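This is the structure I want to talk about, given as structure tokens.
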Amino acid sequence: MLKIADKTFRSRLFTGTGKFSNATLMQEALKASGSELVTVALKRIDMQAKDDDILPYLDWEGLHLLPNTSGVRTAEEAVFAAELAREALETNWVKLEIHPDPRYLMPDPVETLKATAELAKRGFVVLPYVHADPVLCKRLEEAGAAAVMPLGAPIGSNLGLETKVFLEIIIEQSQVPVVVDAGIGTPSDAAWAMELGADAVLVNTAIAAADDPVLMAKAFRLAVEAGRMAYEAKPAAAGLKASPTSPLTQFLDEL
Amino acid sequence: MLKIADKTFRSRLFTGTGKFSNATLMQEALKASGSELVTVALKRIDMQAKDDDILPYLDWEGLHLLPNTSGVRTAEEAVFAAELAREALETNWVKLEIHPDPRYLMPDPVETLKATAELAKRGFVVLPYVHADPVLCKRLEEAGAAAVMPLGAPIGSNLGLETKVFLEIIIEQSQVPVVVDAGIGTPSDAAWAMELGADAVLVNTAIAAADDPVLMAKAFRLAVEAGRMAYEAKPAAAGLKASPTSPLTQFLDEL
Amino acid sequence: MLKIADKTFRSRLFTGTGKFSNATLMQEALKASGSELVTVALKRIDMQAKDDDILPYLDWEGLHLLPNTSGVRTAEEAVFAAELAREALETNWVKLEIHPDPRYLMPDPVETLKATAELAKRGFVVLPYVHADPVLCKRLEEAGAAAVMPLGAPIGSNLGLETKVFLEIIIEQSQVPVVVDAGIGTPSDAAWAMELGADAVLVNTAIAAADDPVLMAKAFRLAVEAGRMAYEAKPAAAGLKASPTSPLTQFLDEL
Amino acid sequence: MLKIADKTFRSRLFTGTGKFSNATLMQEALKASGSELVTVALKRIDMQAKDDDILPYLDWEGLHLLPNTSGVRTAEEAVFAAELAREALETNWVKLEIHPDPRYLMPDPVETLKATAELAKRGFVVLPYVHADPVLCKRLEEAGAAAVMPLGAPIGSNLGLETKVFLEIIIEQSQVPVVVDAGIGTPSDAAWAMELGADAVLVNTAIAAADDPVLMAKAFRLAVEAGRMAYEAKPAAAGLKASPTSPLTQFLDEL
């Protein structure tokens, strides 16, 4: 079982609530995914804009909400958003996303580190979303992050694990759970991340933007389980040299 | 459900019997895999060498044996081996493997085509193992192959899908089922092959050579299901441009 | 120096004449490439259709023409085309291309082997274009091919070396020169093929379809030279473990 | 011509002085590379340890030295090292390398940004070595970096461009020159980086650790030129669909 801060999770598939065509479909997909941790953008839980409120659709036994700070540009804004979320959702968990870049939504390493330290001091369980930067991940850990969330590829790109070499270093060095976030486009990407030794993956766009989000959610659920099992079963090494598996020739020669 | 010739399969994971450390472990792993089609090298079922006989371990409801001709070097040897297998195992199914190359066990396109035509004429259900060669696959289909089995990478290499571009062409053009065979090293590779639209995959070394073959077999089972589901759920396109998922800034500005 | 049959080449960059916007530009690009062997489709040298005749633009010291059989679908058609070319161009060299598939122009392994044997018997210097199939390449060599031309990716795709693993096996096993043909999209692809140990590369689309074909031809010329030099200079092994190059800390500590 | 701060460069290949087996070989290789900017670790120019002094071997027309701070762990140490270098080498150029991690020598984003701002304020021409982090690169530019040096892969790994997707974003967004540093293992990697639009590359291990460093230096020189030319000549797009280059069949049918 995966343990982050005070919570344990049977499912290593974390999900998000963005980009679904409607809230009912979202609910059905999230249930099919088996996910126990779901990120919610603060704006989506805005009390004044009731129409867009998705909270009623995110309420079942075993589901935890993880408010994210998506949209903020600085550590200061992030801390402010996290405090709002803590009050609105009654959780001290927060996914920290600081991306000043409006185009590729790449995270800001410096502001993220600053906000992580401040939020940890304020009693938050902080899960920062960052580039797959091994040194930054160590520093976030030292600053009090409960887990680190390095990206596989730019958010929403579905490009897969473009950062494989760096994820391997991060996984090797990290003392806190490593959750691969962003870029995972298909279940095989998710399985691959788990095979590398990631503790969990976060998938949103790839589920929400599929033709059939519910079926895709189920596919991701199985793939993440498969990847974790494979990691535990320890694959043999890959390499070019092959040796004969079943030489029949000798047998034929003997007839 | 997958249909090849006269048989239907619920499981799209085909397996093999080579390289397991013992027959009991093999049996347990194959059961965990959920596989309904298992390849057996002819030599392994040699009646004279009773010690090595694995048939008693391959006998349960719903399991079909697929004798392979591994070790032969020519079409003539292959036909001879297939006839022996038909008699010994009372099945007209045969996995055709002709590899004169003792080092990398790469298949011979010309002898394989010749043997496929001859075996089809003799009433066999022929599943030829070949390089991921789109033209050859079409010709095998025309010669009567019941399915084609293009490789992902050299046998036993665990390198994954080194032939992706060509598998895509083969899948697009084939009128018979496409089973990706050889090279699949981890469950994520298997899921990937299924996501590309393969009808099934064949996995042997990656299960047998894992530290825990039974757990690995289960991982492959889930991964193949996941990959197939993802194919049916139709993933969104991958690409670099991202659009904001949840702009909080506007929300913050409005406060 | 590269030697194929009776000819030696200083340049390891072979080129083609297709897809240029006009003959003058083609001539200028081919000269800039430094290429000494240029393929010409038989149709382009048709004497009856004078307008399309490019031969006058392919006439300078040190340039050899390599007629190709592009467009034929069978060994028989290929032999017929080769004989026509021998007469028209007064060369017994022929690049053998047999692709019944009109969509991806993938080569036919069986017809190519048959035609190679027949043409070699008729005194041709045969350079067959094939899939990167190690067994087929050995058989072509045995059938009398003067060199083998495995593809990197489908013709005209510019996808690069999608067949790397198989090219490495082919290069390791071949007794005749290996010329990587088709799919090379940029000079870095060409350099990479040479670094793997290819004896030469053939580039056409990537030069002809560039915005500035003459400059691109020059770029390929340098890249092929660079790749060959790198192969001869023997690169150090690649791998993740790094060791400090220049530890300053100790120095600082000593101050 | 490439312009960084007050200097212009005809060569877009920057080199380093580490890992050569002796100073004479280093000198010969650097001359063969055509490089006009060479990094030197501060320790190597320590006046008290005369034996290791390589400065006499780095003295020819058109060669500029770029002292690096390799080995420092903090911004403070980096500034101190840069000041030492400025005095010793009479140059205000400095390559900023801050890597607290002794194993993979991955750079520290936060300390690097801090040191860049401080050094720029002190009048240095700062070239910071960083992870391929698009947001960090923009911040370094704003802090006064004269160029940014994102890595292709961990230093000394020779793994090539593992950060391709992120380098493309950095190149698209940067207002200062982008120099790809670290990880480049072969000339084809260097050509590839230039084709992506990098302004220059820095190569050290791949030259110094080759069997024949002088020949490898020459190979890199050509490859960098080739890659730049290809970038300027604008390659055609890559993709799977092929169209016939030279349909002979019609011609044959007409006979």
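Here the chain labels run A, B, C and D in written order, and each chain numbers its own residues starting at 1.
Here, contacts are C-beta pairs under 8 Å (C-beta built on N, C-alpha and C of every residue); 3 or more make two chains touch, one makes a residue touch a chain.
Model, not experiment: these values are computed from the prediction.
**Student:** Comparing the two chain pairs, does A-C have more C-beta contacts than B-C, or is it the other way round?
**Tutor:** B-C
**Student:** Among all chains, whose Cα centre is located farthest from the one for chain C?
**Tutor:** Centroid comparison gives A as the farthest chain from chain C.
**Student:** So the centre of each chain is just the mean of its C-alpha atoms; given that, what is the distance between chain B and chain C in Å?
**Tutor:** Each chain reduced to its C-alpha mean, chain B and chain C end up 33 Å apart.
**Student:** So how far apart, in whole Å, are chain A and chain C when each is placed at the average of its C-alpha atoms?
**Tutor:** Inter-chain centre distance comes to 45 Å.
**Student:** Which parts of chain C, given as residue numbers and ranges, touch two or more other chains?
**Tutor:** 104, 154, 157, 159, 165, 169, 240
**Student:** Considering only the defined contacts, which chain D positions touch chain A in the complex?
**Tutor:** My answer: residues 99-101, 104, 106-110, 113, 131, 133-136, 138-139, 153-154, 157, 159, 162-166, 169.
**Student:** Hey, which residues of chain A end up touching chain C in the complex?
**Tutor:** 165, 168-169, 240
**Student:** What part of chain A is in contact with chain B in the complex they form?
**Tutor:** 16, 18-19, 41-44, 46, 68-73, 77, 80-81, 102-105, 154-160, 185-189, 191-192, 195, 204-206, 209-213, 215-216, 218-223, 225-227, 229-230, 232-252
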